[in-house]
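The following pair of complexes shares a single chain, subunit A, combined with subunit B in the former and subunit C in the latter.
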Partner chain A sequence: MSNITCKKLTKKYADLQVVHGFDLEVKDEEFIVFLGPSGCGKSTILRMLAGLEDITTGTLEIGGRDVTTAEPGERGVAMVFQNYALYPHMTVRKNIAFGLRRSGLSAEEIDTKVNDVVQMLALAPYLDRKPAQMSGGQQQRVAIARAIVKTPEVFLFDEPLSNLDAKLRQQLRVEIAKLHKKLKTTTVFVTHDQLEAMTLADRIVLMNAGNAEQIGTPQEIYTKPRTLFVADFIGSPSMNFLPSTMEGPAAKTSVGILTLDAMDFTPSTSGSATLGIRPQNISLVRQNDSDLVLNGTVVFTEYLGNEVMMVVDCAGTEISIVVDAPNAVAEGIETTLYLAQEFLHVFDSESGLRLNND
Partner chain B sequence: MKAKSHINKVFLGPPLFVLAVLALVPTIAAIIISFQNKELGRRGTSFVGFENYINLFSDRRFSNAMKVSLQWEAITVIGTMIVAILVAILLFETTRGRTRAIISTLLIVPVLLPRVTAAFVWKFMFNPLLGVINYPIKELTGAPIEFLSNIQTALISVAVVDIWQWGLFFAVILLKLLETLPKEPFEAARIDKARTWEIYAYVAIPMLAAPLISLTFVKMVESLRSFDLIYVMTRGGPGIVTETLDMYAFNQGFVESGRISYASAMAVLMLLTTIITFTVLFKWVRKWQTA
Partner chain C sequence: MGAQMANRITFGSISARVVLACVVIFAVFPVVWTLLNSFKEVVDIVTPTPKLFFTPTLENFRYVFERPSVRLGLSNSGIIVFSAVALGALFGIPAAYALAHMKSRVGDEIKFFVLSLRFLPPVAVAIPLMSIYLDLGLYDTRLSLTMTYVLLTLSTIIWLSIPAFERVPQNIEEAARLDGYGPYAIFFLVALPVAGPSLFGAIIFSFILVWNEFLIALMLTTSEAKTLPIVASEFTLLGRNVPWGILNASVIVLSIPPLIFLGVLSGFLNRMFKK
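Coming up: the complex of A and B.
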């Protein structure tokens, strides 16, 4: 069992507090992704798990053992860094074997283990090369091999794919997913790329300014964003937001009064709410009788391949929508938008919390 | 391109010419004199071929000077590098910010002292009657150690001064080099269960191999020129225990017998050995580094 329990973790650099009471329970074999904007504290928390940063207050358990103050080498973790962090003067073989040597295994045991991971990651041709003689992708594979070979209780990844080009990033992402299927090692993976988070995670921890804004499966995070921040951060292009004042089911917005008669939500206490809908959930043809209707003029289109993103000006408010390429409407043409109420989100404008009852 | 190389010559020509005159003229003069039998206070010289060189090989005092010079090189170079590495690591591990800056400044002071000054300061400190170093020794054992006139300790004691000057200076250079290293390999090593000494021995120091080798070469050349230090502290004594090659050449040429030609032959041999040794070493290191 290698579950991770974070209880009220905080981190302070002198007077600057960057993590505020972080709670998380990672189950054994789970793949957790920390997702969030730059500077929100993802790396800091990961490094606290690794023991590379002191934990200011709170407790950390790995596999049921309290490791709040344990040395990095004593926590049973292995880490892969964004810039590979290989030992530059050692060959690939020595890089991979370094940790095993420190833990005092016999030469034969080390050889067998190294050969196993070398096989797994197809590194055999590079064994006698030094890091500088390899591409970034190859170096990162070596770093992953160096982590795997120790058969740790927990893998920690800090943006391991960020320095690679798009194609390689996808390849290695798939490789990491396969490795996790096979090895089932509990993993914490930091990224600011939503695609990586969505595809790899069992659960995503969406971070904002040193707090976990929402913890949930990729689907939960996408379909039921707990707050405005999450709704805005996840999804591309980002969600459309319409600030409004509510009177019963009638929402007074800059594009007119919308009657939310087919929705189940708790009215906001302040009376001001923000409506949110993803560009993918707006249609150019009526799907349901309850669809909300907006009229506007297309001001901008962006060709995305099989889809087109259109920006439509509705009474001065710009709404973006995504439609299949053949259905796209050219710039300058007037059109009607149909908003499906089942995909509409209502947020309290003050607290930012989602008010839908589902 | 053409014009540029032309300008190179214009600017480099004069200084190269001056250098050539300054360096070559005395060297050629020394070579010529070494084949003669010139002595101070004696008129008339004639060419004697290789006689001076042949005599050197049967001169016991010459082979002693050779041995002392080699010992001096080995002790000061190795001692300096070890002290530099240990002090640098100690400071890197235990200090930061302002404290580190202040200590670094203090460590550079010894090498800024003129060597003759450093030599006199330490000569007083080693003094059996008044020296601070002997004070605790006298308290403990009742008798002082005569560091500079004891056969066993004389060379080491002088070397201590040299290492004090250069080891601490190199420690500051190394400390700055350690600061420039990326911190991820250190962190990876900590997660890989490396103990502190293992992190330095297997990760940090190997990452600094190239600058460490350069520093070693600098110190090897520098150690060849320790005449002033040894002269002030022991004048080659006791006996000839600290008499290096340059000291012996100086003694033969100017102090004891005025045998200018004999001393010149020694200087020429020293020059040859140095050139050959360093050429071989350079080639060897370059080969090792590209391997």
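Coming up: the complex of A and C.
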């Protein structure tokens, strides 16, 4: 069992508190992704798990063992860094074997283990090269091999794909997903790329300013964002927001009064709410009788291949929508938008919390 | 288009080469002349028309090496400089490693203190040391000059090694910690080999510094512990007729060790700048 339990973790640098009581329970074999904007504390928490940063207060358990103050080497974790962090003076083979030299294994056992991971990651042709003689993608595969060979209880990844180009990033992402299927090692993976988070995670921890804003499956995070911050952070292009004042089901917005008669939500205590709808959930044709209707003029289009992103000016408010390429409307043309109420989110403007009852 | 490019490159590189050649000749000519003169007899040196072709003689070198003072100076220089550099490296490199990792004000103060040692004029250090060594009965010994030179090598090596260790990426040492290695193992197995080439440069630099050192040696030695630069300078006092050939030969003898080391050093510098 290699579950991870974080209890009220905090981190302070001198007077600056960067992590505020972080709680998380990672199940055995789970793939957890920390997602969030730059500077929100993802790396800091990961490094606290690794033992590279001291934990100011709180406790950390890995596999049921309290490791709050344990040395990095005694925690049973292996880490992959954004900049690969290979030992530049050692060959690939030595890089991979370096961590095993402390394990008391015999030379033959080490050789067998190294050969196994080399096979797994197709590194055989590079064994005698130095890191500087390899591409970024190859180096990162060596770094992953170096982590795997130790058969740790937990893998930690800090933005391992950020330095690679788009194509390689996708290849390696798939490779990491396959490795996790095969090895089933509990994993914590830090990224600020939502595509990586969505595709890899069993559960996403969405971070904001040193706090977990929402913890849930990719689907939960996408379809039921707990707060305005999550709703805004996830999804591309990002969600449309309409500030409004509520009177019963009637929402007074800058684009007119919208009657939310087919929705179930708790009215906001302050009376002011923010409506949110994803560009993908707005259509150019009516789907349901309850659809909300807006009229506007197309001011901008962006061709995405399969789809087209259109920005529509509705009474001075710009709404972005995504439609299949053949249905796109040219710039300057007036059009009608249909907003499906089942995909509409209502947030309390003050607390930022989502008010939908679902 | 291609031809034009090629033209420009040739023109550019030719003019660069010409300039470079002029500078090299300007810098190297006196040295070459000294080298030539060290193989000449005095008559060939003092002729009004400089001679490029002459019958070479090893007489000057024989004279230089047969002088007991030169032999003593050579062995003094060898022992003192080697010990000072070895001790400076032994203590300076670990100290630099620690300082490179000390991200606090105390660390900065220590770094500045080490640097400030190098600001002091040598004479300001030598005079108090001279009276101390006289009191302790260590004046004019290899031991006292070695101890004094350690101050120079230590501060130079520390100062030049700190950036070398700071260039070792932090993540590499962290990876070694995660691989289960303690601080000493990380120093010897990771930091030292990675920073190695730059550290070597620091050691060579400190070697050249103390090998050429003159002022302090002049003040702290009189006979027993005289180093080669002092001995060589004394050839100018040999008599009314300046023995140019011998002087030139002693200069060559003095220059060879640093030249060898400089050759090694420039190899390392090239390697560092290429990467």
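Just so it is clear, the second predicted complex is superposed on the first by the 358 of 358 C-alpha atoms of A that agree within 3 Å, B and C clash if a C-alpha of one lies under 4 Å from a C-alpha of the other, contacts with A are read in each partner's own complex, and residues count from 1 in each chain.
The rule we apply is simple: a contact is a pair of C-beta atoms (placed from the backbone, for glycine too) under 8 Å apart; a residue touches a chain by one contact, two chains touch by 3 or more.
No experiment lies behind these values; they were computed from the predicted model shown.
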Clash or fit, subunit B versus subunit C on superposed subunit A:
clash
Answer with first, second, both or neither: which of subunit B and subunit C does A:A209 touch in the superposed model?
neither
Should A:L284 be classified as contacting the first partner (subunit B), the second (subunit C), both, or neither?
neither
Applying the document's definition of touch, where does A:M79 land relative to subunit B and subunit C: first, second, both, or neither?
both
Using the touch definition from the top, say if A:L52 reaches subunit B (first), subunit C (second), both or neither.
both
Mind working out whether A:V329 is in touch with subunit B, subunit C, both or neither, as first, second, both or neither?
neither
Name the contact category of A:F98: first (subunit B only), second (subunit C only), both, or neither.
both
In the superposed arrangement, which partner chain does A:A340 touch: subunit B (first), subunit C (second), both, or neither?
neither
Once the two structures are fitted together, what part of subunit A is touched by subunit B and by subunit C alike?
50-52, 71-73, 77-79, 81, 83, 85-89, 98-99, 102-103, 146, 150
Under the definition above, what is the set of subunit A residues touching subunit C in their complex?
50-52, 71-74, 77-79, 81, 83, 85-89, 98-99, 102-103, 132, 146, 150
In the complex, subunit B residues that touch subunit A
182, 184-185, 187-195, 198, 202-203, 206-207, 209
What does subunit C use to touch subunit A in their complex?
169, 171-172, 174-181, 190, 193-194, 196, 275
In the complex, subunit A residues that touch subunit B:
50-52, 71-73, 77-79, 81, 83-90, 98-99, 102-103, 146, 150
